[in-house]
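Here it is, the structure, as structure tokens.
Labels A, B, C, D and E are assigned to the chains in the order they are written; within every chain, residues are numbered from 1.
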Amino acid sequence: MAPNGTTTVEAPTAVARPRLEDLDLSPGKRVRLHRLLYEYGVGNGTLLVLPIDQGIEHGPLNFFPNPAAKDPEFQWRLAAEGGYNAIACHWGLARRYMEKYAGRVPLILKINGKTNIPSDAHAFSPLTATVADAVALGADAIGYTLYVGSPRQDEDFLQFLEVREQCEKYGMPIVVWSYPRGEAIERKGGRDSLYAVDYAARLAHELGADIIKLNVPVKSAKDADQPKPYNTLEWDYESGVRRVVESAGNSMVLFSGGSKISDEDLMEKARITIEQGATGLIFGRNMWQRPMDEALALTERIKDLLRRFPS
Amino acid sequence: MAPNGTTTVEAPTAVARPRLEDLDLSPGKRVRLHRLLYEYGVGNGTLLVLPIDQGIEHGPLNFFPNPAAKDPEFQWRLAAEGGYNAIACHWGLARRYMEKYAGRVPLILKINGKTNIPSDAHAFSPLTATVADAVALGADAIGYTLYVGSPRQDEDFLQFLEVREQCEKYGMPIVVWSYPRGEAIERKGGRDSLYAVDYAARLAHELGADIIKLNVPVKSAKDADQPKPYNTLEWDYESGVRRVVESAGNSMVLFSGGSKISDEDLMEKARITIEQGATGLIFGRNMWQRPMDEALALTERIKDLLRRFPS
Amino acid sequence: MAPNGTTTVEAPTAVARPRLEDLDLSPGKRVRLHRLLYEYGVGNGTLLVLPIDQGIEHGPLNFFPNPAAKDPEFQWRLAAEGGYNAIACHWGLARRYMEKYAGRVPLILKINGKTNIPSDAHAFSPLTATVADAVALGADAIGYTLYVGSPRQDEDFLQFLEVREQCEKYGMPIVVWSYPRGEAIERKGGRDSLYAVDYAARLAHELGADIIKLNVPVKSAKDADQPKPYNTLEWDYESGVRRVVESAGNSMVLFSGGSKISDEDLMEKARITIEQGATGLIFGRNMWQRPMDEALALTERIKDLLRRFPS
Amino acid sequence: MAPNGTTTVEAPTAVARPRLEDLDLSPGKRVRLHRLLYEYGVGNGTLLVLPIDQGIEHGPLNFFPNPAAKDPEFQWRLAAEGGYNAIACHWGLARRYMEKYAGRVPLILKINGKTNIPSDAHAFSPLTATVADAVALGADAIGYTLYVGSPRQDEDFLQFLEVREQCEKYGMPIVVWSYPRGEAIERKGGRDSLYAVDYAARLAHELGADIIKLNVPVKSAKDADQPKPYNTLEWDYESGVRRVVESAGNSMVLFSGGSKISDEDLMEKARITIEQGATGLIFGRNMWQRPMDEALALTERIKDLLRRFPS
Amino acid sequence: MAPNGTTTVEAPTAVARPRLEDLDLSPGKRVRLHRLLYEYGVGNGTLLVLPIDQGIEHGPLNFFPNPAAKDPEFQWRLAAEGGYNAIACHWGLARRYMEKYAGRVPLILKINGKTNIPSDAHAFSPLTATVADAVALGADAIGYTLYVGSPRQDEDFLQFLEVREQCEKYGMPIVVWSYPRGEAIERKGGRDSLYAVDYAARLAHELGADIIKLNVPVKSAKDADQPKPYNTLEWDYESGVRRVVESAGNSMVLFSGGSKISDEDLMEKARITIEQGATGLIFGRNMWQRPMDEALALTERIKDLLRRFPS
């Protein structure tokens, strides 16, 4: 649940976020991350990413609030005209729609995914594309969903290793959607618990993520099921965000918007997460589940906010 | 269930279907799709495909209504003399019967399949041929069955990825038989529900299908088990078809005939699906479960219909 | 159960069987099939094959009726002196015993198998040799057991695909032991039902078998469990054989002898199956579960029968 | 259970064992088998092998009776000084201890194994080394454990096929530890039943073993659970041994000593098995679970026995 | 439980540990082990290793006692300034933090791992990096976790074999974290029982470990569940350590510190294990779960101890 409130946001970033120039990276990763961070979008080292992978993950039901968004052209146009740092989508939507936007908006090729039709008890997200596909499409990063704590984590680690090695080979940055999932995490506080998100941040970092997409941790009735000391830990929205950002080490962090919330809550979420050290935001449904003009206007508001946090 | 009715069909296509010239495709895919759409069959950008993979999928029991059809020569002759845009079959029927029809009727090599002897609870369709086999046979597309929402979707995605990459390499178009299957979808409204077919259309599109074969969605007593908003959605035959066609994005859509229905219902199904944006029809049992002369006559009726929808 | 009776057999083959010259085959397959059909054994386009894979499939218990047959030398000598079209065995028996029979009797290298110690509920027959092994041994075909309808059919299809591709590469004919197996088929009439055998014939044909080994279908108390229309179908021995031969399309069919039966029943089985379109017989236990002289005499009787069916 | 008794052993081998010169083998296999049979150990075509793989299969508990044997140096020294035909061990013990014994005692590199901590219900023995490792170490054979009748026999067959193909490539002889195992065989008389051992002998032979290690079959209360005709078969120690040796065809047979028994029983076991056609013995715990001097003395007694059985 | 006591430690090592010069190793392994043993850290043939893989194995909860340690920079600085023989961590922490410490502290690249979110009943630790990664990072060894006795031991053996072969190829030493795990070992005395640790030591040795990381065995209420003779064996801390060190053969042994204990207990553990033949210590949480100055001071105390045990 996003906070509401009336915080003033003149203050600079409360927590220093990783700076590209401080990181030890291969030339190819540096080139592509520089493009994402400084050549597109806000252009000041922050990130605003538009994801359109929900058609695979949730099915077309996410397009009912704004039927125009069912046409992938909608998101490509929004990403380009809104001036996002990148659009994130699967191969089909990239290969068949990017022609007229090629070079105008960077691509994060999402290379694994699954439907949500079967249960998540043993979640695993198989590849839908390769790193070489990303190279061929001129992408500036790949996106990989890691199901942290799933009973199938072994397959996930091995699949990720292959991807990570290919990314090393090609100098392709890795954005990990680091998602706690599976029957085991549900017994230890749940997928959105602080314990779960904190672990997810650290795991993705140790495995080699350049950028980590996280959900903001949420308090719940299951908090007491978390392992010590999380089960009794005192924390609030800000400190929860800060904690998981720190657990990501010198990997950059993106926070997702999740399902649609009010504009003010969304702006607050954006502000707080950036203040607490996140590098950027990845907002999908909150943007494209509204008409184009509204989406562009809200995009501009968020970009205004991000402009106040240069690095 | 196909609608009956007395609609007049002078009206042009209600929903614009994807036009080959508008799509961003590799040269090889463009060559082969051009052949399928404009050089064979009706030749006006519509598709009429004759499938003969039921011997694997259902066994010889489908040949009882017309024992002559048990000899694969029957379908090859029907496809060639009837002037279909393509015949779709597995390797054995292609390699051993196409000699005298080579070049007279395009081949869509079906490259995966399974028997229906075990239950579909964990459906997965293993390869029976490779994309290289399709190239060697001079095929103009491959056919791949994707079991959308099956608990084994991970294996399916990975197998499809291999196929899709090979098709990129060779410029081979992909026709996805996008079929909701498995115990999970049965708990969410069933394989023929609007939710299921709609998801199947979108998934195949995002994964990289060039053409998607769908079943027309059907209302049933299990509709309330579908996720929101499908569980309460108002829709009729036309709008259901249109919805799933839209979910396929700029992939072309073929509708199947399914088990045998009356000629008038079949003609209506053909008319409505084309009007609602489908590119073509893939009718098997409805064609070859009758004597050759009747099958040829019905083929001609359908082609007459398709002639009224040039693109 | 084989019929008894006093049919006269002057009549030509009731059902035309596939003729090598009519088939579209690669040169290598044509060379090797020509050898099997016309250069060895009866030499008139029929086949008489001696299998000795029961040591893997059933264990040494099959050798108790004729302990001399436990020595693989027995079967090699019988195949060579009896003038069989081929012997079928696994790698160990080929590599270690064929030296003195090399070139005198063609080899069908059986390349997969299993013990019958675990249950057949999820039957799958793993490789024991490769197609390249067959080439290296100078074999004229490989033998592959396909467990039709097994819950593990996916693994079987994929393994068979590899084999089939290698056979394409080397011009090696494929003999498929097409056996319905597994818990699912047992619930639908059983492995020897007409439904099961008919499906097995068609499946092997569509997957690319050159020759298909079948068991003669058997009526049983479980016939009503078969899918429609098999569950109520009227048929007799002759028509059952003819039906499954037709389902094999232009693949040739071999019928097995199964466990030992009377000489007259065996001769009747041979006659009827050939009359109904089978290309040949694969008789193992019925031949080598008796002393060498008796086996040679019976072999000669069967060859006499086959001589009356030239193609 | 080994027999006791006072048989005189002047008689030549009761059952002729396979002679190297009679076998059709590749040059590499012939070279290495000649070394094992005639250049080391007794040197008369018999085999005496010292296995030290129990540290993996059973853990260090086998070393309690003679703690000195915990140091692998013990077995290497015993093998070299005792003049064994070969030592059989895993990669770690070969790579790290054979330096000073290199060329003095042949190596059979055991290339698969497992701990006995989990149950044997679904036994499978994974690779611990490759055939190329054996070549690199100058080994004269590899050892492979095949779990006959295990529910995982399919994986075992496929793994063995890879090994067998590599052995063909390099001319490396194969010693199969052919062990009935798994829940299925336990329901059919058990792992040491005549049925089980007889099947194991034949299976290893058909799959391509050059030498087969067997346990002597044992009568038990579960004998009636064996398939016909084993369930009612009359047999004694000698005839049981002879039967399984015959089932191994022209593969050579080694009998194991198993857990420690009295010296006289061990000598009797040695005598009878050799008389009944075994080529040699593989005695581990019976040798190294005693002080070095005793072990060397017993080794000499067994070698004296073997000297009476030249081939 | 670590012993307390007032032993004087003038005595030389009670049990001789393996000396690098006595081992038969490839040049590459010798070079790298020489660096680890003699060129860094204490430099006298002992080892003091700082592990930081707990972020994957346990999650960030291990950083609560000393939040500064959450930043991987903490451990790298401690390893370098404290003069450890090596730091052990996963790829992410190596690739992104070692730049300024490159060449100052050797790297043991931990190449497999898992979260502890799912149960350990079927423990398996998948790869997170390759041996080639270790080479590329200039590492002097790789670390591999082997789950001894897990029901998935077959996958573990096969994965380890691949690693071991790559290490042979590149001359890369192997440190095996040899950990008894899984439901089967829990029924036989538990993961920390003498039986379990003793087996783990021997198994890693036979599979080809150069260095084996063990936990000190612990007595428990489940000791009677161990197999004979462990279930009734008399042993104390010293003899338990000595026993498992001996079971490791001529592989070197490291003992872990485990969770945090008192400084005096830690020093005693260090002294006793080294006296009983261990080559070194791998202490993580006991070191970095305290402020840097304290960690450096304790490091120096342990190094002082190790200086008394040159080899």
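Criterion: a residue touches a chain if its C-beta (ideal position, glycine included) is under 8 Å from a C-beta of that chain, and two chains touch if they have at least 3 such contacts.
As the structure is a prediction and not an experimental result, all values here were calculated from the model.
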| item | value |
| --- | --- |
| Chains contacting each of chain B and chain E, listed by label | A |
| Graph distance between chain B and chain D, where chains that touch are linked | 2 |
| Separation of mean Cα positions, chain B and chain A [Å, integer] | 36 |
| Geometric centre distance via CA averages, chain C-chain A, whole Å | 59 |
| Residues within chain D bordering two or more other chains | none |
| Order in which chains appear around the ring, chain D first, chain E after it | D, E, A, B, C |
| Contacting residues of chain B [partner chain C, same complex] | 53, 55-56, 59-61, 64, 70-72, 89-93, 95-99, 113-115, 117-119, 124-130, 133 |
| Chain A to chain E touching residues, read off their complex | 23-24, 148-151, 153-155, 157-158, 161, 164-165, 180, 182, 184-185, 188, 195, 198-199, 201-203, 205-209, 227-230, 246-247, 249-251 |
